[in-house]
Structures are given as structure tokens and as C-alpha cells.
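Two complexes, one shared chain (subunit A), two partners (subunit B, subunit C).
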Partner chain A sequence: MKLGNYEVKLEKRLELTAWEAATISILAIFVALALVSFIFLQAGVNPLTGYKEIFTYAFANPFGLPLTINRSIFLLLCTCAFIIPIRAGLWNIGMAGQLYVGALAAFAVAFAFGAKESHSLDLSPGIVIPLMMVAAALGGAAIGAIAGFLKGRFNTNEIVVTMMLNFITFWLVPFMIKEGGLFMGASGEGEGFKLSSSIYAPLIMGVPFTIFIALGLAVLLYFLFAKTKIGYQIKAYGLSPAAAKYAGISSFKIPLLVFIMGGAIAGLAGYHYFAAVPGVYKITKNYGDFGDLAFYGIICGLISQGNPLAAIPFALLFGGLTNGGRFVQGKLKLGFGIDYALLGVLMIILVAFQFFYRYKIVWMKTEKEK
Partner chain B sequence: MPMEGIKRGDTALEARGITKRYPGVVANDHIDFEIKAGEVHAILGENGAGKTTLMNILFGLVQPDEGEIYVYSEKVNFRSPLDAIDLGIGMVHQNRKLIPAHSVIENIILGHPRAGNILNLKRTGEEITELCDKYGYKIDLKAKVWQLSEGEKQVVEILKALYRGAKILILDEPTSALAPPETKKLLASIKAMTRDELAIIPFITHKLPIVLTVSERVTVLRRGKITARLATAGATEESLAKEMVGREVIFRLERVEVEKGKPILQVENLSALNDKRFLALKGVSFSVHEGEIFGIAGVSGNGQQVLAEVLAGLRKAEGGKVLLDGINITHSSSLERWQMGVGYIPSERVEVGSIGDFSLVENVAMNYYFDDDFAKHGIMDHKKLRKLTQEFISEYDVAAPSPNTTAKSLSGGNLQKLILARVISRKPRLLIANLPTQGLDVGATEFVQNKLIQAKKEKAGILLISEDLDEILSLSDWVAPIYEGELMGIFPGGEAKRENIGAMMAGLKQKVEVI
Partner chain C sequence: MWDFHVRSLDASTILTIAALSELIGQRAGILNVGIEGVMLFGATLGFIAAKITGSYLLGFLVAIAIGGLIGLLHGFFSITLGGDQVVNGMGIWILGFGLTAYIGYPYTGPLGMERIPKIMGLSPFFFVGIALIIITWFVLSKTSLGLRIRSVGENPSVAEVSGINVTRTRYLSVITSGMLMGFAGAIYSLDYNPVWNYNFIMGWGFIALALVFFSMWNPFILLGGSILFGSLWQLSLNPQLVLPGILSRYVWRMVPFAMTIIVLLLMSTKWFRIRWGAAKPEALGQPYVKG
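Let's turn to the complex of A and B:
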């Protein structure tokens, strides 16, 4: 393409530094925000005011910030649950199902200790909380293992299996918490029982301790893929199953392992939201919304190119925007769904801008034709 | 299109000062090249000499940094292959660009401007048949491409280019995948095409004698530069190889006599299925001793691939036994076999032997990650692996800028050297080398063969599987032709007669009972 005296050319990138990747992502975010401005303008709102409201509420408001952080922890866990299998070339679409089962398993522990009977029961948090978390991880891992086993043993498509398990587990939740269900709450209005206050997850400056688990897992996974033998085997399998097999890497164990690990982390996301976020402490009526939110983990994982450390800022951004978007919709009396529109556009642009991970635009001064 | 009125001897294509730089290398350094209508002008070079870049530039896939291209004396500027095709340049790819599920005729008209929305297959069929008759091709236009042999697929690609009106034909490694009779046919058709004033440019890395028989002029590339431009009449195989490699090349290897040791591999009545679940290996028995090369000669698809995979633990045996140093390993996993001293050099070096997106260090790790010295307590020792890779690069003369380069950026020969270095460095008791020199240039072939001989001297037992009869005969202590999953006999290397083995590979001679 020619522009005046310059020729604009696309050139393949030979390598991409972390710095370049970050610049491209930030550019994409600005482009997305610019595009969504039109929605604000159309509603008669100054986009700058709109964004100011969104970001202040999400990141600088005493009510908004904790909500953002809680969502971001949840998203980061779901992203990690997606990243492990994707490094093995496998798609975990089942974080929703894994987190439902994780949450049910955690509440099963509380139930076993009699938490359903009395809200004020004095239980030992040092025993029950770790048990709840282990149960959540095991529950998620068990569901994940189904997909991993079928993939490894029979080469069954893992996308279909995880997706179908989402449906099964989605209905397993109301079976447990609605009328007559074992985990039914006292009011019987389609909610699970409330945890005894003695086993509320500890808060650190108002933030559930699960934030350290999420951040710790992200760091640990980064280390796993960068340094360990297991991580190497997963990556080799992900890039070329045939070459991995040649090198003696089991094409049964790797799919099973990554889905167990991914499922366990998704299970922890279930624990986090339903047992650790202040004001929740029960499996809520709208549990399905969190299953939907889990899907943002896929986008987050793809945008961060399977790098768990890069996923941290994206999880924070998405957590903040879903939260601030919903708030601004009420405050500025905007149409329904502005938060979804904002996220949708943002994701499309981020994915579209990945083009620049592979190509760069080169400007060249053209010589006059002889 | 400048198609009409072409006279014999007109300059069909001319490239002047073509230069293309990639980070770290000059792939093409001021290349001048010219071909006349009705001429065959071959371009020779080792892997990595810049042939592919030049070919892609002439076909419009890559734009040069400097230089000019003239087609029939008109300056052209290719933005994409479409421009090149419109000017009458056709390309016959080595990795065929055909749709396997479609018929021959559908593949030929795919992308043809006249194809439009409604296909007139009848008229097209007649026109293609006419082309076939003219140049002596025989092909069933209704056959699906997946049913065709490599040679027939090549014919489809040539016809596709001709039907599109090509007057200048680029052939990428035209003879590399062909059986001898197919090669003969190809050469005849090239002769026929030049009679119609087509200009033909074959790009070649190996099988040099074929170049000599068909082309009038040869241009030799080495490291991006032209090292020789000569008339074929005065050239010999040795002189061309010398120009390509930059030093004398020995074509005949001497068999080294090594004192025979204990049996390493014993295979008893082994049978196995292929991917389509047919019995592809039908009860073979043989043994390989220390310091011995056991050569299996066969045309590909006769069970030798299945045999290699079963021995490497990548495929299940249906029946029979495999013993390594007397231990039954028939049901051992491939990892266990690596640890017991089986080393496998696969024929598919890109798909199986390496991981393109991995760095060279990570590729070396493929045979070392299970070694406690390189992965203590589950943590990979990247420093040690890097050092090892560095050693391989210098010792095996792998052309790579650094150990961190990705494997996919290496040429075939360099990749094979790295795989070889990695496998041999484990000092395997049994080395299975499956088509170790296939597709390699003269220099790399010589190198690989010497390394096999060296491993033999170090008392490894070597199972060499090859389609190249010369290679098998000159290297092996024992030669076993394989045909339809059976060994046709086992002959001492020195006594094996070429004609005899060749006939057995082709299934023209009866099986001989092993003494």
C-alpha cells in the first residue's frame, strides 16, 4: 500500500518480546475503549465521564474495589484452569462444571461437619477450611479427569466432553440446593445453606486469602512451564503429540494430568466465590452467572498466550470492567448490557490485535520509479 | 500474456542482482540467472544454500530486497504468485499442494480463471487429455488424488501448471520421491516440453546424475552466492558436488570391518498392524550384533516403517518377540527402551524427530529430559542442556545462529544432524536409523553415513533402513530386502548382488529361506 512518499508493508515478526506484546495489548485496549465511546455518545453521555466512572468505581471505590478483586481472583483461577490444558494443546471448556462440582464438594465438607444445622455452630476453621479446599480441588479434578481420561484412552474430543459435563453439572447444583435437596438453605428459595460464620474464609484487609492462592498458582504454573520436567513434557505434547510419543512421553498420562490439574484449580475457583467472598458464603441462586463468568477465563488465557503471569493483569482488567460497567449502567441510566458490550468489544479487539504478534507494519520511503 | 510468438533461444526469464536478506543471513547475494525458451537450466545447491528463497522469489512468494526480474525481456514486479502465474510461470512443489479428496481434474482446474461457478468438466477433460498426449503423460483424470503415487501426483502438478498456461516451469526436487521407472518417464516428458519452447528450471540438492542427463546448463549456489555456472556437457557428478559442498566428496564409502560381538537385538517372528489396521509386518526374524550394520532395503510402504516403530516401542506388536541383550522388551514402553539403550532416528524428522516451535536446546532435551543428570528432582537443568546443545552444534557442524533458535528454522540436513547428535550421544546399544539420509544433500549424506560407521566402530548394533540401494550395499554387513512385510532373505553385505536385491525389493523374485 502506498501513502504519499511512503510505502506501508506488513512483515512477519521473527520474534516477539514481552515488551512488544504488552504494548500491543495496551494499544488494543485503547482502541476498544475508543470504539465503545460511540455507545456512550449515542446514549448522550460523554465517554470520558463514562470511563472515569467505570474505572473509579472498579479500582478506586471502597465498595467497588473489593468486588473487582473478588471477581479477578475468580477469573485468574479460571484462567489458570484453562491454561494448563491449553499448553498441552487441549481445550478445557469445562471450567463452569468443574467449579460447580468444586463448590458442591466444599459444601459437602461443611455439611458433614453439621454446618447446615446451625449458622452459629462453632467449628474449627483450621481443620474445616483446608478440608473444604481440598474437597473443592478434588471435586473439580474428578470432573476434569473424565475428559482427560477419555482423551488419553480413546482420543475423544475434549471440547465436547467438557462442554457436555457443564450441562450435567449445571443441573446437579439445583438438585442439591433446591427444594428437598441435601444442601437446601433454611429459606428454601433455591439457595444453598449458609456456612457457619466460624468457617468463613479469613480476610486480609477485607480481601479473601484466596488471592494468595490465585497469585501463588499463577507464579507456580509459570515456574512449572519454564523449569520443570512435567512442564516440558506437557509443552512437548502440546506442540507435537507424535514427537512427544517418540520421546517417550505418555500420550495417556499427559491429557489425564492436565485435566486433573486444570479441574482442581477450577474447583478452587468454586470454593473462592461461594465460600470465601464476603457476603456470599453459600451457593447462590444465580450460580449459573459465575459459570458464565468462568468462560472469560478462556479469553483471558488466549490473550495472555498461555502465560499465567501475563494473565494476572488481564484478569484484573476484566474483573474491573464487568464490575464498573454494571455500575455505570445504573448510575448514568444507560441501556441494559453496556458492561457486556464493553467486554465483548474489548475481547474482539484484543484477539484481533494478536495479528500484530505475528506481523508488524513497516514504513518505507519509496523511490521514484525509473 | 507474452505467450505467442516465442522463439527458441529467446530469453524466457532473467534475474539480475537478486538479493534477499534475513536477520543474520544473506539468503541470496546478487544472484544473476537466465534461462532461454526450450532450455533446461538446473539450479543446484545444498540445503540452506538459498535455493528455496530464490525459487520463492521467482514465483512471487517472496519479494527480493534488491534486484530485478525480467520475463520475456519485460521487467516485472511480482506482488504474489498470482502475478507470476499470470505471466506464465508455473511451480511444481516438492510438498504437493493438492487436495487429496478431490479428483485429478478437479485439482487441475482449481483456481483456474475459467473455472467460474459452473464447471465444464467435459471440455476441460478433453483439453487436459490433449496436453497429456502431447507430453506423454498417462493419468486417470477421474481418480482421486489420494489414490495416486508420488510420481502421479507430480504429473498432476505439472498438468495444473501447463493448463494454466505456464511457459516457464519451476520444478522443486523433481526426482526426490520418484521410483526409478517414474523418473525415466519424467525425464522423457521434460524433453517433450522443451521441444515446445518451454523453459524448465529444476532445483536440485541430490540425485545429481539425473541433472546431468537432462539439463543443458547448471547454476550452483553455495551460501547464497553463485559458485559456478557451467554447461552440463563438461561437468561430472564429482565436479558438481565439489562446487556445491566446497570440497571433495567421496561417493563410495568403504565398509569397515569391526570384530563381531554379542547379539544385541533379536527379533523373532515379529508381526504388526499399520495405521489402517492391516497386517503390514508378517513374521520377520533377524538379529543384529555388536559392531554390525544390518541393512533393510525396501521401497517405502513395505512394512519397514512399521518394523522401526515396533522396535522403538511406538507401535504394538501383534505377535512375536523382541529381545534386547537377551531381555524381552516386546511390551516395554518407548521411554523404557530409551533408558535401556535403544536409540531411534525416525524418518519423519520434522513431524516426529523434532518439535519445530521448540528451541534447539528443548529439542535436545527430547532425549535427555528423563535423565537424572539433566533433570534432577524434576527440575530441568537448562544450563547443562544448553552446553550439550552447543557441543552438538560445533561437533556436528550444525548451521544454527544459536542454541535458542527454533528447530523449524533449520534446514533438513542441519535438523538431521542435530537429531543424529542427540541420539548418538546417548551411546545407544541399538541404533535404529530409518531413512537417515533421505532428502539430504551430498555433504550432509556423507556426514550422516560417517557417523553411522563411527557408531559401528564403537560397538553399537545398527539397524539401517533405507530406500537407497547404494547406501545399503556400501554400508551394511547384512542386507535384507523387505517386500510386503516380509524379509525376502538375509545376505552378507559383501556378497549381495545389486540386481538380485533390487529385484527382491520390487517383489520380482521369490523369497529365499534364511540359512
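Let's turn to the complex of A and C:
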């Protein structure tokens, strides 16, 4: 194609540097935000004002910032839960189900210690909190393991299986917290029971300690993929399961392992949101919203190209955007669900931009023909 | 009890058409895992169009048109850009899920139009579904167009050499497939259950995807599977009809999803695997690069 004195050509990339990948990702986010600004225009709001409101509330407001951080911790955990299987070429879209079961398992521990009976029960946090977290990780891992086992043993499609598990567990939650379920709250308003205040997760400057778990896991996973044998095996399986098999890598163990690890981390995300975020401390009526929010983990994982360290700033950005989006739709009288619209637009733009991971646009000055 | 069966057939119709649309695309080698997203688009925009104009016909036309457009988009990503079809399909699903949640929200609630008249107690779309099954079977296995579609799904290079335009044939299939997905979504929101609620397709697109794998790409097995799942879905909503008072209603809601996993498991048996391998479009999911 010719534009003036320049020849514009598509050229296949031989390699993609981290710098180029980051540029493409950031460009994709800008394009998506530009498209979503039509929502602001439609409501007669200047998009720049709209985004300014979103970012101010999300990152510079004493009420908004803690909410952003809590969402970002949740998103980072969901992203890690997505990244491990995707490095093996497998799609974990079951973070929602894994986190529901993780939350239920954590509350089962609290229930066993009698936390349902009394809000002021004096429990030993040093024992109960670690147990709740272990239970959450095990619960999530168990749900993940179903998909991993079926994939490894029977080669069933993990996308369909994890999605079906999302729906199964979506109905498991009301079974436990509504209509006389075991974990029903005292008010009987379709919520789970409230944790005893003695086993609220400890806060460090107002932020739940789970932030260190999320960041620590991201660092740990980075080293897992960069330095360890098992990380290498996961990547090899992701490139070609058949070739990996010849290299002695089990095509049963890898899918099982990545889904157990992913599920466990998603389970912790469930613990984080329902048992560690200040002001929540129960399985809420709108638990499904957090299952939906978990899908941002897919976007975050894809945009960071499966790199858990690169996922940290993106988790923070999307935590802020979704939190601020909810705030401005009330303040600027926009339609409900800007965070959902952004989710959809971001995802499709990201998919479109995948093209640039494989091709680059080359500009060449054409020789003047005489 | 009769009502229950009728209602089950209504549900089956939607699954049939949704799964059939996926089958058409897959026969040409294009996998679309975003079927749920296309259905949500068709259902939501069809619902809005019908609500605004008061015309069912316009609602269905809008749904079919948007389905075709999304099919075109999937085709562009998967055929022209040659990207990973699973990634593209995931993109389409999340686009549908996110965007329709926003677009449809102001229209939450019932459609408020006179219901579409029944034919012999059944939804007219039941007959449309049966007709579509027969037409698809006929076109795919008895006509030269069907041969072209199947050959680009089996071995595009050979098809190209024998004078078939692979790109055009795949686009044709993927757009037709999208139109039917949009149509299936609109049957849900305009006829089966005319109430808009966010994400109301509730995984039917994914169940339809599993049904296509299960059917071994045979439209008649697909019909059987859809009727089974339609009945199962209806049973999960009204367990009291068959087994009154046993288990919580929430447990019943899990049953169709659990059954889907069980069906996928059945497919891993040796009997199935041999036949499945033979029936699977050889080039399914693979981008075709000329040259």
C-alpha cells in the first residue's frame, strides 16, 4: 500500500521483544478506552472528564483507593489462576467457580469453629485464619482438578468443562447460603453468615495482608516459569503437547498440575474477597458479580502475555477502572455496567491486536522514480 | 405433563439451532467457542428492536443481522488475520457478555408484547428447527456446495488446488453460522422466555458447543442430543413434575451442566473415539495460509 512517498507493508515478526509486547498492550488499552468513551459521549459527558473522574476516584480518593487495592488483589490472584494453565496452552475460564468453592471452603472452617453462632466469639486468629486459607486453596484446587484431570486423562475440552463447573458451583453457593442452607446468615436475607470479628483478616495500613500473598505468588510464579524444571515442562507442553510427550513430559500430569495450581490461587481470591476485605466478611448476595469480575483475569493474563510480574500493573489498572467505572455511572448518571462494557471491548480489541504480535507494520520511503 | 414436554421441545429448538450453526462453521474448519456471545448479541439486540418497534419480525431480522456481523468479525480474525480461533472465539464470547450486559440493562424486564402464536401447542420455531436440520443435512451431504464446505474443513490445500475458493467458502459458512446463532438467541429472548436479564443465556452456548462435538457432526444425532438436553433443562427448572420434594431446587439447577460434563466423558470411550476421529473435520481450528 502506498501513502504519499511512503510504502506501508506488513512484515512477519521473527521475534517479539518485551518492549514491543508492552507497547502493543498499552496501545490496545488506549484503543479500547477510546471506544468506550462513546458511552460518555452518548450520555453527553466529555470523555476526558469521565476518565478523569474514574481515575481520581480510583487512585486519589480516600474512599476509592482502598476499594481499588482490594479489587486489584482479587484480580491479580484471578490473573495468576489464569496464567498458569495458559502457559500450558490450556484455558482456565473457571476462576469464578474455583473462587466460589474457595470461599465456601473458607467459611466451612469458620463454621466448624462455631463462627456462625456468634459474631463476638473469641477465636484464635493464628489458627483459624491459616486454616481458612488452606481450605480456600484446597477447595479451589479441587474444582480446578476436575477440569485438569478430565483434560489429562480423557482429553475433554477444558473450556466447556470449566464453564460448566462455573454454573454448577454458581448454584452451589445459594444451596449453602439461602433457604435454610448450612451457611445462611442470621438475617436470612440470602446472605452467608458473618465472620466473628476475631477472625477478620489482619490489616496492614488498612490493606488486607492478602496483598502480600498475591504479590508473593506473582513473583514466585515468575521464577517458576523462568528458572525451574516444572516451569519449563509446563511451557514445553504449552508449545506442543505431542513434542513434550516425546521429551518425557507427562500429558496427564501437566494439565492436572496446572489446573490444581490455578484453582488453588483462584480459591485464595475467593478467601480474599469474602473473608479479608474490610466491610464484607461474608458471602454476599451479589457473589455472582465477583465471578464476573474474575473474567478480567483472562484479559489481564492475555495482555501481560502470561508474565505474572507484568500482570501486576495491569491488575492495578483494571481494578481502578472497574471500581471507578462503578462510581462514575452513579455520579454522571450513565447507564449501568460500564465495567462490563469495558470488559467486552477490551477483550475484543486485545484479540484484534494479537495480530501485531505476529506482524509489524513497516514504513519505507519509496525511491522517486525518474 | 404435556405442557412440560412442549416446553422441553421449545428449549430443545434453541439448542438445536445454536448447535446446528456451530456445526456448519466447524464443517468448514472454523471453530467458534464464542457461540454464547453471539447468542447474547442476537438475543439482546433482537429483544431491544422488538420492544422499540413492536414488531417481532424486525426483532428477528436485527438478531440475524447482528449474528451475521459477529460471524463476519470472527471470520476476519480467523480467516483473514489467521489468528488462533480459540482466542478469537473467547474474545467474541467476552465481548458479547460484557457489551450486552451494558446495552440491555435499560431494557431489563419483560418484553410486554402479545406472545408469538403456537402451532398445535408448539412454538412455530420447533418446525423451523426441524426444517433447518433437514436442509443442513441435505446441503452438506447431497449438494456440491456441501461438498465444497466439507472439503475446506477437511483439507483446504487440496480444496484450493481443485479450484475451490477456500477463503470465500469459509466466510460463507462462518457468516451463515453467525446468523443462525443470532437467530437462536432471539428465539430465547422473544419466544421461549421473553424477559431480558443480564447474561440470561446461562451457558446454553457452551452446552451447544459440547453437543456439536458429541454429535460427531451429524445433524440428526445433534437433534437427538438437543432434545435430551432441552428436556433436562426443563426438568431442572421443574423437578417437582417428576420427583416431587427430593433435593433442593438449587441442586437441580446444576444437573444439566453436570450432564454436559458426563456427555463429554462418554465421548472419551474407545467406541466413541474411533468414530469421532473419523468424523472430525481434519482442518478444524487451523488457519489456512495460501501458498
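Just a few scattered comments:
To be clear about the criterion, the second predicted complex is superposed on the first by the 363 of 370 C-alpha atoms of A that agree within 3 Å, B and C clash if a C-alpha of one lies under 4 Å from a C-alpha of the other, contacts with A are read in each partner's own complex, and residues count from 1 in each chain.
Simple rule for what comes next: a contact is a pair of C-beta atoms (placed from the backbone, for glycine too) under 8 Å apart; a residue touches a chain by one contact, two chains touch by 3 or more.
Note that this is a predicted model, so its numbers are computed, not measured.
On the superposed subunit A, the two partners subunit B and subunit C do not both fit; they clash.
Judged by the touch definition given at the top, the superposed model places A:Leu14 against subunit B, while subunit C stays out of reach. Applying the stated contact rule after C-alpha superposition, one finds that A:Lys229 touches subunit B and leaves subunit C untouched. Taking subunit A as the reference chain, the count of touched residues is higher for C when subunit B and subunit C are set side by side. Once the two complexes are overlaid on the shared chain, A:Leu342 sits against subunit C while remaining clear of subunit B. When the two structures are aligned on the shared chain, A:Phe355 is found in touch with subunit C, with no touch to subunit B. Shared-chain residue A:Pro241: touches no atom of subunit B or subunit C. Taken in their complex, subunit C has these residues touching subunit A: 33, 73, 77, 81, 83-84, 86-88, 90-92, 94-103, 105-106, 198-199, 202-203, 206-207, 209-210, 213, 248, 250-251, 253-254, 257-258, 260-261, 264-265, 267-268.
Contact residues on subunit B toward subunit A in their complex (touch as defined above): 23, 312-314, 333-338, 344, 346, 348, 351-358, 362, 365-367, 369-370, 375, 378-380, 382. Remark: subunit A residues 14, 227-230, 232-233, 235-236, 239-240, 242-250 touch subunit B in the complex. Across the complex, subunit C is touched by residues 39, 91, 93, 146, 150, 153-157, 159-161, 163-168, 171-172, 174-175, 178-179, 292, 295, 298-299, 302, 335-338, 340-345, 347-348, 350-352, 354-355, 358 of subunit A.
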